[in-house]
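Chain lettering (A, B, C and D) follows the sequence in which the chains are written, and residue indices restart at 1 in each chain.
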Amino acid sequence: MAALLEVDRLVIDAQTDGGALVPIVKGVSFDVAPGEVVALIGESGSGKTTIALSALGYTRPGLVFGSGEVRLHGEDVIALEPERKRRLRGGRVAYLAQSAAATFNPALTIGEQVTESAVLHGILTQEAADARAV
Amino acid sequence: MKDVRAFQQLYRDGKVNRREFLTVMGALGFSAATAGSLLGSAGALAATPRRGGSVRMASNLHGPDDQMDPIVFTSNIDYSRGRATYNGLIQIRDNMVLAPELAEEWSVNANATEFTFKIRKGVHFHDGSTLTADDVVWSMRRHLGKKSPSVIKAFFTNVKEWKKVDAYTVKAILTSPDSDLPAKLGEKQAKIVKKDTKDFKKGNGTGPFLLESFQPGVRSTHARNKDYWRDGPNLDALEMTAITDPIARVNALLAGDVQLISNIDAKQVRLVQKNPETRLISQETGLYGGICCLKNTAPGKNDDFVMGLRLIQDRERIVRSILKGHGRVGNDHPISPAYGADHCSELPQRKYDPDKAKWHLKKSGYTTAELFVAPVMVGIEDASLLMQANLKKIGFDLRLKKVPTDGYWGAVWMKEPLNVVTWNMRPTANAMLAIQFAPHAKWNDTFWNSDRMGFLLKASLAETDQKKRHEMLCEMQNLVHNESGMVIPYHVNQIDGTHKSVHGIPHQPLGALGGAEWPEFAWIDA
Amino acid sequence: MLINALLKRTGIGIATLLVVSILIFIGTSVLPGDVAQIILGQMATPDSLAALREKLGLDQPGYIRYFLWLGDLLTGDLGYSKAGAGAGTIGTPISEMLAPRLVNTLRLSGTVALIAVPLSVSLGLVAAMYPGTRLDRTVTFATLSLISLPEFLVATFLVLILAVHLNWLPATAYMSGDESGLQLIRALAMPTLTLVIVASSQIIRMTRAAVLNVMSSPYIEMAILKGVPRSRIILRHALFNAIGPIVNVVALNLAYLVSGIVVVETIFAYPGLAKLMVEGVQTRDLPFVQACAMIFCATYVALIFIADMASILSNPRLRHPK
Amino acid sequence: MSSIPDNPAEPQTQESYDELPDAPPRRRIRFSWSGKLGIGIVAFWLVIVVIGPSIAPYDEADILDEALFVVPGSDNPYPDTDFQPPSRIVLLGTDYLGRDTLSRILWGARVSIGISLAATLIAYLVGITLGIAAAVGGGKLDSGLSRVNDAFLSIPSIMLALVVIAAVGSTIPLLIVLTGLIYATSVFRIARSLGLDVTVSDFVEAARVRGEGLWWIITREILPNVAMPMATDFGLRFVYVILFISSLSFLGLGVQPPTSDWGSMVRENLAGLSYGSIAPLVPALAIATLTIAINMVVDDVSAHAGGRLAKRML
């Protein structure tokens, strides 16, 4: 059966002070089938989050995709143009940060931030979302 | 003759100054006297004044301490406002000629100790009341007595009393002869106000303009006094303000924001000259910038030191490059040629002589000194810097201590051993010398007390023989030139500017814009 | 919660003003030469000084004059300036002198604020949205160059070009008080232009810094990962957190526009408060300087107060401190 | 312009990557091309500060001789020496008094940068000491210091300077101390708010729990964490001081003549602008290059500090 997510020889580089590229993710490949649970295990700073985030076609500042592909339902999320990426994020793939507290905007209500994503992607109306949130 | 006329035009329009005019006339073969009269008639050349219109004047200084009380007038804008609002007993016109104003005529007794003034009849104050001897006596008495805050009370220390003889006659009784009294009454502070005035901000005078509004430090507006006691003024309305920044002031004139400005910095004169819309007025005066060396303390009490400072003054260059020609080399005494006959032309001009200066300074034993400088007048800082540089060349280290102008007269002048000073021209040579050099006088700012000087000052006032009088004045100028603590490297012209449409600015040297006499006489062409 | 913060900051404001009043008084009394000395200038003599001092009531001891003044101040009476009094007995009510100047000052700083604030905040935002791009670098470079130019240079430049050479605008922003709309605009144009240039640079820099700083925070990353559109991220997520520092800069710039523009007012001969205060110091018109200073400090305190409130309201976390 | 005090930063702790897992390890400051350029220019001026006077063609006080400017063949033995355009004799032209602009720039670097540097350092010494004291001490000490500081902040700095200088006259040491103290008020605010952030942070808590002494906490825990953002602020502060002194010279309260400082040089030659002289522009350019250079460096540093504390800087 076709994998839901295919990480194929993924290389992610970090820019050094000199601006040279140093690979920190060196050609990782794995598949995730629907309903399958995959755990990445490694010491802190080994690049777990970096790989995970690539599923949303995202890298942290200072990092760049080197080579390889990350395919979701067969389409390369790295290659997607911005607007499609935006739909993908929170629309089909959601990210749950380790320290959730830090990921909430102090200037906005929790409620708004919880429902925001669903509303933005037209999955729910604000009302429905609010209802679901509580 | 045509070019003479042309030159008179130029002089009237301020394109050439008095000195330049006389030089040219001399070159054309006229005697000094003839040239002088030509000069006098130049003013008359002006086409007949046109009535109407208004001008905006920007002076050089103003602030919350602007005054409308004549006896404490101290700034150009005060003087102009005073001139527009009030009258004096006697008016000083072009080339220092005394003319009757509120005093129709005056007489003096044989030994010049008692003056009688006939007050003009039918003169009204702006509030409608009639001018009488009472107002004159009250106004003049404000200058007398120890407690008087009058700025010019020193002129009247020898006045025992102002007496009312009848409704239109007053007498001034003096303790010592003073043939200069009438001239002193022409001063800007000697204006006549209404008896028992409390609130001077209303400006209740007899002058050509009514004081419409007066905001200290902002502006004042003046409207023609319809029932002025004599013909005039020409303008319907005046507006007076100040633009304290010299560059901004000139720019305002060039851009046409204002039609008259006072006190143009020498650095800026060429801008005004070459601009077709504006006209430069460069009036030779007795105004000077100098250095006071206090004679009662070191280093000033050392004559060689003072002489050294005098000889290191590159007077020619100061006038040439700092004043851009709008001034005259000083001869270490205040009586410039602007004082006319009183100026001692026999006295040889002191010249720049580094070697002699070096010799004197060496002899004095000083190798360093500190001079307090504030921008109290045009070019004084620059001149001090030039002196400093020249002293450095002969191995003398002069340190300059720059201090702000505000507070200078109270905290530095007459206190620090070496300080810069400026004195405005006074109506007579004697008045000028007396105020600054009379032994133990209040403003003897070099603390140089010469009995001979004291004797001559008194004697010359009583002396009626012009030749003897001149000899005395000459000796006094010589004393100051050689023995006092004064260094006077230059006299600076009064440099003002007008829009080309403004005419009739008097050539009276006692202050900015024709000794502030402009309001009554200025007019503009359509 | 909010009420408490409000009360607390009001108290702080008042305390500050009291401290200021004392500082001002001490400061002004250490000046060499008093108003009498200044009025009489070179022509002062001990007697005439004593005479004038007596007339002007300068012969009382300092602390008495302080409390008298403070009392009057609280009862809204700013007292009399020596202005124009000379040897006369009647001075000018300070309130009377300040009123027109205050109007002028507010007029100018208001105009400047209206133009500078929106302009520079949006420029700062744009710069922050595309950090490192040519646009960003241009804005940064321009603002830095302008920050580093002395005000009087900018001002004189503008006068020479716009007034003297092109004759488009008057060289001085001289206000006769009865200007009509167009004249008023022409009069204000020059100083406004100068001050917009001066004030904007800082607000731009600040907005950029503040927003950039927020942009690097985890919740912005989260927002990106939630697929929130860029525009919404900047305006809803980032700007709100940046408001605190931004309003503060704006407030301080406004305070500066009221009290600190001596140079501009001098060059354009604009009859505003700042210049008046300097003249007050130079003429040793103490009651007057004190009044001006109090106005300025009050303005400052008020503006900061508003700024603090704004940043509190903009931020739930401050609204409900942990 | 220069006399704006600092914004009162509201204490508001903010996590950054360090507290998150998988944070990219802290790297050495990476300087962009502009940062490097900035360093270059700053270095250049520092060199001038040291060797400037010795390579200057004339003394800063020299009023050049008219003979130097006589046009061959002209009959005028006394040509103007002021506001002369650049020539072989005077590479950057002359100023309003006929002094060599280049020489005055070279000499002036020492005074301008020297004064500003000294003043800024004083501002930091005083500001940080009191600021941290207020933050750590808290309570009465804090509110007391803050009130007085606010009071000084709220007084227009020009006026403050005007009064003090009018009272005691203007000397370079006074100028330095005065300016230093005026700007210390702003530094105080930054230092205090940063200090507050840090004092409530976990690692200080930890240190307290470990039973470390106050001094140890301040020197080992607080100062190091405050240092970086303070350094970032230093750049602009430094420039404000230069400009502040220049606006003092506008009011006639600057350094003593004939000493040249760039700000005053702009002012004293302003008249030349009307004659199209470059005399006022050269020093302005000098100030600008220094400003921009310093801030190019600053930007890189603050970018490295995550810009997180940049918000406290104007």
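Everything that follows uses one rule, which is that contacts are C-beta pairs under 8 Å (C-beta built on N, C-alpha and C of every residue); 3 or more make two chains touch, one makes a residue touch a chain.
Values in this document were obtained by computation on a predicted structure and should not be read as measured data.
Interface comparison, C-D versus A-C: the pair with the greater number of contacting C-beta pairs is C-D.
In terms of Cα centroid distance from the overall Cα mean, chain C ranks first. Distance between chain A and chain B, defined via averaged C-alpha coordinates, is recorded as 85 Å.
Taking the mean of the C-alpha atoms as each chain's centre, chain C and chain D sit 21 Å apart. Computed centre separation for the pair chain A/chain C is 48 angstrom, with centres defined by C-alpha atoms. Between chain B and chain C, the centres computed from C-alpha atoms are 40 Å apart. Chain C has residues 31-32, 156, 160, 164, 216, 218, 266, 281-282, 315, 317 in contact with two or more other chains.
Within chain D, residues 12, 15, 20, 166, 251, 270, 274 each touch two or more of the remaining chains. Touching two or more other chains at once are residues 247, 251, 404-407 of chain B. Chain contact summary for the complex, chain B toward chain C: residues 58, 63-69, 71-72, 74, 142, 146-154, 197-201, 214-219, 239, 241-245, 247-248, 251-252, 254-258, 404-407, 409-411, 413, 442-443. Taken in their complex, chain C has these residues touching chain B: 31-33, 35, 37-45, 47-48, 50-52, 55, 81-90, 92, 97, 100-101, 156, 159-160, 163-164, 167, 170-172, 174, 176, 266-269, 271, 276, 279-285, 288.
Residues 1, 3-10, 12, 14-17, 20, 34, 146-148, 150-160, 162-164, 166-167, 236, 239, 243, 246-247, 250-251, 263, 266-267, 270, 273-274, 280, 284, 287-288, 290-292, 295, 299, 302, 306-314 of chain D touch chain C in their complex. For chain C in complex with chain A, the residues that touch the partner chain are 216, 218-229, 232, 236-237, 240-241, 243, 314-317. Against chain B, in their complex, chain D makes its touches with residues 61-63, 66, 78, 80-82, 96-98, 165-166, 169-170, 251-253, 256-258, 270-271, 274-275.
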